[in-house]
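Think of it as A, B, C, D, E, F, G and H in the order they're written, each chain with its own count starting at 1.
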Amino acid sequence: MNVDALLEDFRQGRVTAEEIKRQLTGHSYADAGFARLDHHRLLRKGQPEVVFCQGKTPEHVAHIFHELAQANGRVLGTRAEACHFEAVEDMPGARYDPVSRVLSVVREPVEPVGKVIVVSAGTADLPVAEEAARVAEHLGSRVVRHFDCGVAGIHRFLSVLDDFLDARAVVAVAGMDGALPSVVGGAVAAPVIAVPTSVGYGASFGGLAALLTMLNSCAPGVTVVNIDNGFGAGYMAHVINAQCVAAGKG
Amino acid sequence: MNVDALLEDFRQGRVTAEEIKRQLTGHSYADAGFARLDHHRLLRKGQPEVVFCQGKTPEHVAHIFHELAQANGRVLGTRAEACHFEAVEDMPGARYDPVSRVLSVVREPVEPVGKVIVVSAGTADLPVAEEAARVAEHLGSRVVRHFDCGVAGIHRFLSVLDDFLDARAVVAVAGMDGALPSVVGGAVAAPVIAVPTSVGYGASFGGLAALLTMLNSCAPGVTVVNIDNGFGAGYMAHVINAQCVAAGKG
Amino acid sequence: MNVDALLEDFRQGRVTAEEIKRQLTGHSYADAGFARLDHHRLLRKGQPEVVFCQGKTPEHVAHIFHELAQANGRVLGTRAEACHFEAVEDMPGARYDPVSRVLSVVREPVEPVGKVIVVSAGTADLPVAEEAARVAEHLGSRVVRHFDCGVAGIHRFLSVLDDFLDARAVVAVAGMDGALPSVVGGAVAAPVIAVPTSVGYGASFGGLAALLTMLNSCAPGVTVVNIDNGFGAGYMAHVINAQCVAAGKG
Amino acid sequence: MNVDALLEDFRQGRVTAEEIKRQLTGHSYADAGFARLDHHRLLRKGQPEVVFCQGKTPEHVAHIFHELAQANGRVLGTRAEACHFEAVEDMPGARYDPVSRVLSVVREPVEPVGKVIVVSAGTADLPVAEEAARVAEHLGSRVVRHFDCGVAGIHRFLSVLDDFLDARAVVAVAGMDGALPSVVGGAVAAPVIAVPTSVGYGASFGGLAALLTMLNSCAPGVTVVNIDNGFGAGYMAHVINAQCVAAGKG
Amino acid sequence: MNVDALLEDFRQGRVTAEEIKRQLTGHSYADAGFARLDHHRLLRKGQPEVVFCQGKTPEHVAHIFHELAQANGRVLGTRAEACHFEAVEDMPGARYDPVSRVLSVVREPVEPVGKVIVVSAGTADLPVAEEAARVAEHLGSRVVRHFDCGVAGIHRFLSVLDDFLDARAVVAVAGMDGALPSVVGGAVAAPVIAVPTSVGYGASFGGLAALLTMLNSCAPGVTVVNIDNGFGAGYMAHVINAQCVAAGKG
Amino acid sequence: MNVDALLEDFRQGRVTAEEIKRQLTGHSYADAGFARLDHHRLLRKGQPEVVFCQGKTPEHVAHIFHELAQANGRVLGTRAEACHFEAVEDMPGARYDPVSRVLSVVREPVEPVGKVIVVSAGTADLPVAEEAARVAEHLGSRVVRHFDCGVAGIHRFLSVLDDFLDARAVVAVAGMDGALPSVVGGAVAAPVIAVPTSVGYGASFGGLAALLTMLNSCAPGVTVVNIDNGFGAGYMAHVINAQCVAAGKG
Amino acid sequence: MNVDALLEDFRQGRVTAEEIKRQLTGHSYADAGFARLDHHRLLRKGQPEVVFCQGKTPEHVAHIFHELAQANGRVLGTRAEACHFEAVEDMPGARYDPVSRVLSVVREPVEPVGKVIVVSAGTADLPVAEEAARVAEHLGSRVVRHFDCGVAGIHRFLSVLDDFLDARAVVAVAGMDGALPSVVGGAVAAPVIAVPTSVGYGASFGGLAALLTMLNSCAPGVTVVNIDNGFGAGYMAHVINAQCVAAGKG
Amino acid sequence: MNVDALLEDFRQGRVTAEEIKRQLTGHSYADAGFARLDHHRLLRKGQPEVVFCQGKTPEHVAHIFHELAQANGRVLGTRAEACHFEAVEDMPGARYDPVSRVLSVVREPVEPVGKVIVVSAGTADLPVAEEAARVAEHLGSRVVRHFDCGVAGIHRFLSVLDDFLDARAVVAVAGMDGALPSVVGGAVAAPVIAVPTSVGYGASFGGLAALLTMLNSCAPGVTVVNIDNGFGAGYMAHVINAQCVAAGKG
């Protein structure tokens, strides 16, 4: 947003005082009654708002999906249940994955770019790992999955290590001891986003153990998101990946 | 490392069995008696080992600094005290900043590239913010600082918002309520690395409050490092920034 | 209660020794068998007892509602379920809101006074925010709602900032990172009562993250209530608001 | 700030584009190099910035005190040490209380208004209670102190209960079991701001026990601030008190 | 057990070596296969084993009840469900209270002795308070109940204070802020056993808040049991009470 | 206090209205400026106020000691330092034990009565165990000490088990795993007061581990006080012991 | 694995470069699509992979069981439900224990060797204790069970103490106060593996209390596994026991 | 101890009743006034008591060392300071290591047996790792050290992996993320004892992060001791190792 140009337009009478106030203070959103849809986000963040479906009624989700699809041609929803899918099933390009609970509408698929790797420790971490993968894919990244590579059998990770050489971003998902991202972070050059999961029992305290492990990782180049936040990791991985691709094109 | 070529060399007698075993299992390190210096890291990670000075004797730090300087021409130490600086002061290109406790040796400065922004909430967060900034600078990034921009006076951040448009990576540092990264993450497109600090008292519990705030950030594109881990954030920001610059050159 | 006058009355034989003992030690309550209704509270606190319905049988709630309605003409119940409503539905002026779970009996509505604003971060915080709003309304305050104004899109809050200028008290409700009250507290002059909600997952630890954020708020003029305690915030906001209105009338 | 008038001024050429941008985005602060002084705060909050001295050098504190004294005629500093006082001792109207660590500069004293009560549980809570009292006094409130009234001898509080009848706001300070605010909140009509202190040992966990007690208070009309945050409580009490006084004058 | 007499008996051949070994090492218990019933406990503790029914099958509970009833003429079970009652309903003297979940068999009632008071804060604390009362009654104490006396209306407690003068032991039960035992402990001379309950929400953390409050009580003569442990408090109160009664008889 | 008689006295003019108000509301304390001495406590609790010396100046401690010695002939102070002792050293009957930090003034020693046992686990628990012992002794109990009886060598406890048969109350002190009170509680009939200490390291978390162990003790007849609260345990043990002795005399 | 021989084979052309790479980096696993079966584990660890059934579909469990049975002739699954058993019931040698939830396939039973003792505190700890016992038995150890030996009746443990003299490893299982392993560890010479269970309520915090107790055990020769981790303890006990037996045979 | 023989001796008059009571109840200890030395431990545990020097006076340590040296010819002390060493320096065979703080007296060295490996993650973990090593050595084990093998450079561990093949027990020491034991446990067959250290900052919470990581380790054959408890790990490793050696000799 070019403020100087906008002010000049205003002085010339090409835009109204109301418009200029709205633009300058940036209050561009749609009041849906039950929610304020942040249409301004695409400008600020480069991505439209993503819908956190958990706790929302199917009607509300459908309303939001239609509005966002109209504005952007594509919508991403996370933590969706089957009932949410049923409410938008008839929208063109609607898809739902019950494992990762990702719900999406894509009118026109785009070619995936760059390379994001999602690596996970155990089979129980799959829903979170898959959420990360599908979010990055929806946003436009090419994603490679390496699942069930936990450190109790470290050779499983080492055997695929070569594939990490050209990755732009890595998402490393683990529950229980959460040790995988430290090993990954010690072995690869790409930025690693660690995702603790709530997989475990007893002293895993719902993922707290894995979270603390990752925050204390001795390996440089590792950052962390919330427990079970596959979405956040996939989003961040895509942002880093896409930025590189864009720079390469510039 | 090209394993096929290496094996061919071995078959041709150009390298010994010992060498091939050492290379294939990657055990390339220098045993200093009190430590195993990881010379292999530069190959794996694109950066040589960084020295965590806290708890090390000045003699040990000096020993490691000399060895790493000889190998790489530059060394980075964090959490260094004045006594550590005195032990390496006579090395060419040695510098020490007592606020951030960053100790470095740079034989030949390089031109900084890209753009990393370090934004912080309060004046007490300065040591951590400065550590992040100096680490990214040492590794080769151009860094811009925006300090004392806490959300209790949000206009201070909003007034410099334009500067974030072309940043490749943002480090957001805050103690106490740790709210700054959420606001930054909601407003900028670049990847945001949030650093909680131990600044505060009472229910800040040594930075736990700020850490939890950041892990629960509603803004997408925010990841988190350990409390007071300015080094980790600066390292990650540089990795993201440098990757973009490299892609742009490719 | 004028103790000197009372003692004089006693000396003159106008009141009995029993009565004077009861009054002086203030043990004025109704023993309902399963509970001691605190009728003395209206005198002490300016408001009659509010009924926490959770865990009480519909019969007990109905018994208490009838007794309090007779004494005060109005009753407020919180955390009520549909079964509680059914038990008092036939009382004149009974109303129930299933979202906020507020159950009330109002025989004669009064004109709302002053101005309390309830501002909330996300759509999932609505039940708590609505509880705060309805409690303040029941007690007699005029309430304005600004919902879904979280800091991930801070312009949504900034766009309604002007409305806060004449508020007597503000209730700010947020889950997850709990950052909204810090931003509100930094921007408005009225007293801000922050309410953390249990909205979130993983490291939100049932609202602990938001609670700690708010307790550590850098903005002055912010105090905090228990997680999900919309009632407590709405009550406090009304007390502050009503006190001002009364002072203005005096 | 009247945006319409400002825009009209701009159209008429009475203000520059730079000025309008600065005003509209509110970035009114003084960059002191080491800090950004928030001069805009007086407009937003009705009170100028308060200086948290802990961790600042005497030179920085002196610099800020002079700047703020010039702008507002009065300055308030909290958590100040003797060295900070020495750095500003020669400013007219400078005063320092080593118990509460409150440091202030008041060029022209004003008549205190309204009534704030600070009640505390034990003698060890005195520094925090006194901080609350002095902050409210500095800001302009009349303050009455009732110290050492803990619930282990509840008659000490009951004996002064009458004095609470005309208080506009009450600050209740307690460590260890933190039970005092519940008793106060059950007995008085005025808004109660509870302050947990770190007084105690063992399972007091640095004030956590008292903090949790207060957050779970069964008495309505009680809100809580951070452990040892006498400043926050005194500030809030003054805001509520001053608002009433202002309403009474209107 | 008189060891010297026993050894003399052995030397005289009146008891076998096996018996003396069994007695001296005290391994007097009945191996029920799924459990080892501690028949020795009556000798050591003055009370037979109490059955914690939770998690046991009705068959196991019935087996244990029959065995203990035969040995001692009376059995006490805690945390029993209706299904446990049904399994022992036909035993003479069997009784079950669904609120406190106390299940008991008493073949011959005895006259209650001394005086134990159980005082509780809110109506929701009733199940725990009633468990304490019924346990003390079963063991032989006379129990007086004062329920719903929370500190938010402290006059309710003060109005019955006279009744505490001749109590031998007091059980004080409270959830949420857990403040009642501090007030009781400050006002009465008898030993006070504080029981935190899990009543509450949010920052009560399942009774942790009340537990910490009680452990930090400023009033002397207060000790604490586990959250919701009405049994433990009732048992202890009886032991103290019975010991006094016995001393008075000696 | 006979209220009826008092009121009759008042009607007859034998006491003033002021006096009757003071008596009825019980506000009998001495305002020392820095503290309100609770002289009423002896009446309520059977024991005068005990002085928590930690954090008090020697002057304040001396002032309080003189006042309490004059009123009661004996004073007890806990957590006292040598400087506190020096301030009262010249009072007749003053004594100080640097290990337990108990400071006392006893003008006329009395014959100890009954029997309290203090048993402790390790040598490092001695200061807390000794504090419990000396507090009970000061208050009038006969105390027997069995120190260094931890469960890692359980025979040390078993060898003195006979001595527990006629104890009226037992204080069991342990740090680290805190297991001793469970074993003691399983073996003796007297009431057991468990005291966790902060002895330990790592996952003892300052005594939290021992505290939780004790709260979860499977043995009936065990209650718990705060970490390192030897005073509280000794006080409670004396109250139970003295009550029995008094009952025996009645 | 003899690397020199392998390399010689390669030079002689007896193995391919592909094979040598696979062997040297050890990436020997079977990719089942949903999981990577770690066949290499038997070589590394001396035991094949154990299947954690919880959260896996019956189909997946059946697939893995068949594959592992074919490779090793025996399979062990933990935390299995009835549905998992049904999916493998027709495999020869399949057995399921619903209490410990251990599911196993054993084609040819082997003679158990050595001696492992599993001792537990209460009847509610039985599922975890039984899991430990069955795991050690499946792996080949002779196991002796001593259940319901908690410290509240310490004679139950002491009466079987002689049986521990020739044990090679002891598993000690306890919930609530978790005190049993300390007593066992103080009394026996064999290595003790302590297992905290989640049995308890209130301040047991899901087994945290017992876990901390065990980590702080004063008795040497005690190590700890995760809460409810009977598998881990049984596995470790077998490893220690089998190693001794093997050494004795050597 | 043969109870039958002992009883026969008693019947024959060869031992006194006093002696038999002492033996049967096992109360064999030396009362040093300040401590009860557990001479019985050598019989029960196979090792004499180890002296935890921290918090003991040099005089007490010297007294205990002399008594234990006389009884057993060798003494082991942990967490000793230089002052403790000075107090026993003149005993023959006294040695002190200031890094691990191990203090020992060995009159006649014995040949070390078997093989214990101590592997550690970082240089800062050295004191704890060295304590484990020296304790195992003192007790009689042959110990091999592999320090500074953290997972951030996993090749350092992999390069020495062959050395683990014939180890009888492994101690794995790590702070910060505590990931090393999981990798070690996944790669070696010997029992692994994991030791978390307090090395780290921020969210390491004094070693809690590493402790939780290790308790949640996915690798079987890993058990855990308290934070910084090098002694406990070295002791356990020796017990396992020595047991194997003894079995091999039998």
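Here, a contact is a pair of C-beta atoms (placed from the backbone, for glycine too) under 8 Å apart; a residue touches a chain by one contact, two chains touch by 3 or more.
This structure is a prediction, so every number in the text was calculated from the model and none was measured.
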- Task: Quickly list, by label, the chains bordering both subunit A and subunit H.
- Result: B, G
- Query: Is it true that over half of the residue numbers where subunit E touches subunit G are used by both copies, so same, or is it different?
  - Reply: different
- Thinking of A-H, which of F-G, E-G or G-H forms a repeat of its interface, with over half the contact pairs identical? F-G
- Task: Could you please state the distance in Å, as a whole number, between where the Cα atoms of subunit B are centred and where those of subunit H are centred?
- Result: 39
- Approximate Å spacing (C-alpha centroids) for the pair subunit C, subunit D: 24
- Gap in Å, rounded to a whole number, between the CA centres of subunit H and subunit C: 59
- For subunit G, residues contacting two or more additional chains: 25, 152-153, 186-187, 202-204, 208, 211, 215-216, 220, 226-227
- Could you list each pair of chains that touch one another? A-B, A-C, A-D, A-G, A-H, B-C, B-D, B-G, B-H, C-D, C-E, C-F, D-E, D-F, E-F, E-G, E-H, F-G, F-H, G-H
- State the interface residues of subunit G toward subunit H in the complex, per the touch definition above. 44-47, 50, 168, 186-191, 193, 211, 215-216, 220-227, 231-233, 235-236, 239-240, 243-245, 247-248, 250
- Task: Please give the residue numbers of subunit F that touch subunit G in the complex, ascending.
- Result: 121-122, 150-154, 176-179, 182-183, 185-187, 200, 202-205, 208-210, 212-220
- Item | subunit A contact footprint on subunit G (complex, rising order) | 22, 25-29, 34-36, 38, 40-41, 52, 54-56, 60, 196, 198, 206-208, 211, 226-229
- Task: Provide the residue numbers of subunit B that touch subunit G in the complex, in ascending order.
- Result: 3-4, 7, 10-11, 17, 20-21, 24-25
- Message: Show me the residue ranges of subunit C that touch subunit A in the complex, using the header's touch definition.
- Response: 123-124, 126, 147-149, 152-153, 155-156, 158-159, 199, 201-204
